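See the structures that follow.
Here chain A shows up in two complexes: once beside chain B, once beside chain C.
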Partner chain A sequence: MSFKIKNHLSLGVVAMLAGLSLGHGAHAAAGPHTLRVPGQMPASRTDEASLWTIMDGAEQVAKASPDRIKDPALTGYVQSLTCRLAPEYCKELRVYVLQRPAFNASAAANGYIELWSGLLLRADSEDELGFVLGHEITHYAENHAIETQRAAKLRSNVKFALSLAVNWTGQAVAANAGSVQAANDSVHTASAIKELLYLGNIAAYLQYSRVNETEADQAGLERASLAGFDPRAAAGVWRKLIDENQASDFPSRRNEPVGSSIFSTHPINSARMLALTKAAQGAVPTTPEQAQERRRAYRRQIRPFLSAWLADDLRRRDYGQTLLVIDRLSSLGEDLGVLNFYRGEALRQRRSDGDLAKARAAYLSASLYGDAPSQAWRNLGDLALRDGNTAMAQSAYMTYLGRAPNAQDRWIIDAAIRAMNTAAGR
Partner chain B sequence: MSKSLAVALTMLILSACTTANTRVNKLDLVRPVAGTRVLVVRPSVRLTMLTVAGNREAKGDWSREGADNIAAALSRAISDRDLSPRLFDPNRVVSAQAIQVLKLNQAVGSSILDQEYGLTRLATKQGRFDWSLGEGAQVLGATYDADLALFITCRGTYSSDARKLAMVAMAAMGQALPPGHQTVFASLVDLHTGKVVWFTTALAGFDADIRHPEGADRLAAALIKVAPL
Partner chain C sequence: MSLRIFKSALIATLMGLCVTACAVIPEAPVGPYSVGKSYQVTLAQPWNDVSLIMNARPAKVRLLSLDGPLLNRLYLTDGLVPGDFMVKPAAKERPTPVYRKAMSASERVEFVSDSVAALDYRNVETTGLRPGKFGPHSALRFDLTAQTAEGLNMSGTALISEVDGKAYVLIFLAPSEHFYAAQMAEVENIIASIRPKT
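Coming up: the complex of A and B.
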């Protein structure tokens, strides 16, 4: 008897929960390719409005971040690319460039876009950047963030209803991870709270489904083509990331699927690349000269930051990857003083067999170009001194001090030169 | 053991009144004189809705109204003590220096949570509560005309209506479904010295639903009661 009553009750609960879940689902996801109306604001007291509030908070953090690059030329440039790709959303999309060495970009539901310097450093031309921005703008234009949130809610509610139906007498409810976690939080105050407090788990709101990613690829490519970007650049972006993974110093990184670390919000696979290559097939080919000119034009935009971004990239301590990035950048035949210097830095810091000799060669090549940083000579001097070649060390140090008379480490270099003179009896 | 823990936990969550766990800087604890200017920093409130399935769904409107309600309630409570409250929205700050102080306050708050309430203890603290933002905090006092700053952070969940129904239904089946709960952190900083003179964490009671002005008033009263104000 009691079994019967309980059974009815549980069925009632299940029906209620399922009803709620489906009810939510029915209003929920706007179908694919339903584009936002420009200037559209979420209705108050909706889940979308709440998502916007969270993203407004994330935007505040990005805005006040010490990593933010405020250079008007660069920020104006990326903002103008965004407006070219999405004239209809030009007024509502806000792009922030952050000096962070990973390849990443994200568009939030409220229209703020983060573009990391690691991506700008790795893009070969405006065309590649145009595709990435087009991809991100599509996430925004097609409301992917709120779609994802609603889909996740629907899934978990249905799962919960099913778990009740299947296991209604058991401990399923008590063991329900979400609920127990909620209870635990009040016990483990310090650890759980800290995470909730200051991190905010923004990443959770940027995880899109594979379908969303493919949509963003396709629509982003369309957007970029319409705006005059070369659609064949798109597949190249993903190709580069795959190559870079292979070039890593770390076996674990070489073996992991591309995108699982640095670009975790955008898992990449060969199917996506193939689709992009196909989509671009009809495009009018650019001549090699045109392609070269486009690369040069892009380089002019990022040139002032090249040095700082390469120094940042070295801090990741994955020299195989940095060297590949430098090789790519060098293939344009410009900025060879800076690029060879950083090649030398990567080799000098890596110190595998033969690296120091290669580093010396790289610094020497750098020294042939007008844009070589003065530290190239300092490092040449250090390496020569290490090899016991005092004559060469002296001359390199003198050149260094001549080029950087106010160097902070001048006293060290002066002392080294004096020591060499004393040893030589001069 | 786990049963008694569960009971204790349930008691904690179900206790009607707001419970606070406080740390104070005993050396610098002086009740402010009448007229002392207190900067009531707009609380950082992030509330989510606890769904039937135990997920948390962000609620921007609750968070915003919660922040409004707590700020208003604290201002009233502070005025009642003959102090002079000043409302202040940290999101409107443009001065880089002031932003740095606010960020530092977050970092120090995070350390206090770790070291005073967490599992680790800094050997150098020797049980002393002497956290400070340094004299750089004076920039806030000078710019916004205040002697003390009151910071409030609130994180928590409220059960959705469906979850409340499910809780009743599950109770009938002899199963417990935990309700939502809200944790509050409050700190008082002396803007002349930068010292954190008082810090507390509190679990909001069922009578202190900050989504409503009356609930926020109760929460503010509970906090002020344990604050050196």
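Coming up: the complex of A and C.
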């Protein structure tokens, strides 16, 4: 487990991760720093075989998840990038894209990789995504999961044992409730416990991950570079995360190093970025035109999902962060109808001083582009009406109805227009 | 993570187990059921008032169920004032939707659907927005579809009304297969029975 920033694993996966401690290490084929042989399967009755069984279960959960994006173009794209980065493992690495707003990717011991939409939304180009995938593939290629399992077992530390105890008790709570969801939303105590469990288990599980993470950074960068990705993009991934933390609406989030809090084993810091910058020195520079074209090529891949992913990101309700992401996406100069609309959405929902005026300006900007969602005009009308600008409200509402004649709120908009006409004596 | 935090976690776990194992769930019997001080509904069959096992629930939110909250749940709120939420945040950094002053119609619908999403439902969508009634007051009525984290398809219906600057929300959720349709007549009767207290 490697590339997680503020993620929200289900209790089931937590249990699976916790289950790593149940393996037996005596007969495993893979050793520290040994590259996995392509097609290598664990010998039966080994700790590695146990780990694979657990991860096979986790893979089934991911496969059946309602969050899974099955779009063949997108999944084919990320799978092809994976094969480009690791042709030797192409047949055994399986990438699942999950629609979840956090910045997260992970590679399991059995070769399944999770890539979350929050990461895809934040990557600026294929080069950045290539580095992240290279990082994850390194965890797989270098058998980091089994190393971590053995390290945790050898340490036998109290924290790990306690976290397991908490986890098992929590599973009983969840079982009692009927499902993870039941524990989560009908009995909020269980939800709080689940959080503690998750944090506790991940903390225990990641105790030895610092070395692995450094290896994954370096080898991932090399792998990406060999596959033709710009290695200088690697440090940029971490830079973005640091900047995004600083843009948070929440002081506690701004004050913590990225990847810290419970994941304090390997926070993303300037030293880590410096190491990547240094490793990328000497690479053939990409021209600005090439860089721009690579950004455009990447945007073409994610464009069909921009709206859904931004709407998801808004549900995190960290509007400062979402606005920064939108600013970055806007810097390409494409998709400005969609991006300005979601800028308006973020500002409208935040409603800090001056935000509603800025939201109105953002919706107005969106309305200048053909890709603006029809709701931009409805929300513009709502804000104009709130400000008493009935002329603008009417014009925006009419445009909205023209663009979305079958909108489910048509009767509300019609009524608002009638009320304005009546008030104006028309 | 310090030993102290883990001790706290263990204590919380045991307390949680006690809540789930020991709490007596009261029945909401046939007849009038009061939702706070503001209004009442009439139940045609006995429901379970599972509000008490919603630990850390907002005081203004009641939760009724017939067969357990996984199979059907009916949320009823007393008057929410600006700043109130339907779903209590688990942490300061993970806020849930709050009701705000002077929300537009689409914002009221958004408040409800985002609150449902905050209950860990996925792909929440609203359909069939139509006029509704909250007792003598006008309301927005609409239907919902969603999925649980495990992928179970859910259906729902919701109503939100603003009266004197306060929001009143009713949400019914149940699995799309069998349970939703099976209870809809009862839910419609409950909605039709809403009576403000004088």
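Quick note on the criterion: the second predicted complex is superposed on the first by the 333 of 426 C-alpha atoms of A that agree within 3 Å, B and C clash if a C-alpha of one lies under 4 Å from a C-alpha of the other, contacts with A are read in each partner's own complex, and residues count from 1 in each chain.
The rule is short, and it goes like this: contacts are C-beta pairs under 8 Å (C-beta built on N, C-alpha and C of every residue); 3 or more make two chains touch, one makes a residue touch a chain.
This one's a predicted model, so the numbers in the text were calculated from it and none came from an experiment.
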#### Entry: Partner chain(s) touched by A:Arg253 [first = chain B, second = chain C, both, neither]
second
### Task
Look at A:Asp318 in the shared chain and tell me whether it touches chain B only, chain C only, both, or neither; answer first, second, both or neither.
second
### Task
For A:Arg386, decide between first (touching chain B), second (touching chain C), both and neither.
second
### Query
If you stack the two complexes on chain A, which partner ends up touching A:Arg351: first (chain B), second (chain C), both, or neither?
second
### Message
Looking at A:Lys153, would you say it contacts chain B, chain C, both, or neither? Reply first, second, both or neither.
### Response
first
### Query
Where does A:Trp411 make contact in the superposed view: on chain B (first), on chain C (second), on both, or on neither?
second
### Task
Based on the superposed arrangement, let me know which partner A:Ala49 touches: chain B (first), chain C (second), both, or neither?
first
### Task
Answer with first, second, both or neither: which of chain B and chain C does A:Arg378 touch in the superposed model?
second
### Partner chain in contact with A:Ser395 - chain B first, chain C second, else both or neither
neither
### Message
With the touch criterion stated at the top, can you tell me which chain A residues are shared between the chain B interface and the chain C interface?
### Response
10, 64, 159, 173, 176-182, 185-187, 189-191, 193, 196-197, 200
### Message
Taking the touch rule as given, give the residues of chain B at its contact with chain A in the complex, in rising order.
### Response
5, 9, 12-13, 46, 50-61, 63-64, 91, 99, 103, 106, 109-110, 113-114, 117-119, 153, 155, 157, 162, 165-166, 169-170, 172-173, 175-178, 180-181, 183, 185, 201, 203
### Summary
The residues of chain C that touch chain A in their complex are 1, 3, 5-6, 8-10, 12-17, 19-21, 50, 53-57, 63, 68-70, 73, 87-88, 90-97, 100, 102, 104-107, 109, 114, 117-120, 122-123, 126-131, 142, 147-151
### Message
Show me the residue ranges of chain A that touch chain B in the complex, using the header's touch definition.
### Response
6, 9-10, 12-13, 16-17, 20, 44-45, 47, 49-54, 57, 60, 64, 149, 152-153, 156-157, 159-160, 168, 173-174, 176-183, 185-187, 189-191, 193-194, 196-198, 200
### Summary
Seen from chain A, its contact residues with chain C in the complex are 10, 64-67, 158-159, 162-163, 165-166, 169-170, 172-173, 176-182, 184-193, 195-197, 199-200, 203, 248, 250, 252-253, 262, 315-318, 351, 375, 378-379, 382, 385-386, 408-409, 411-412
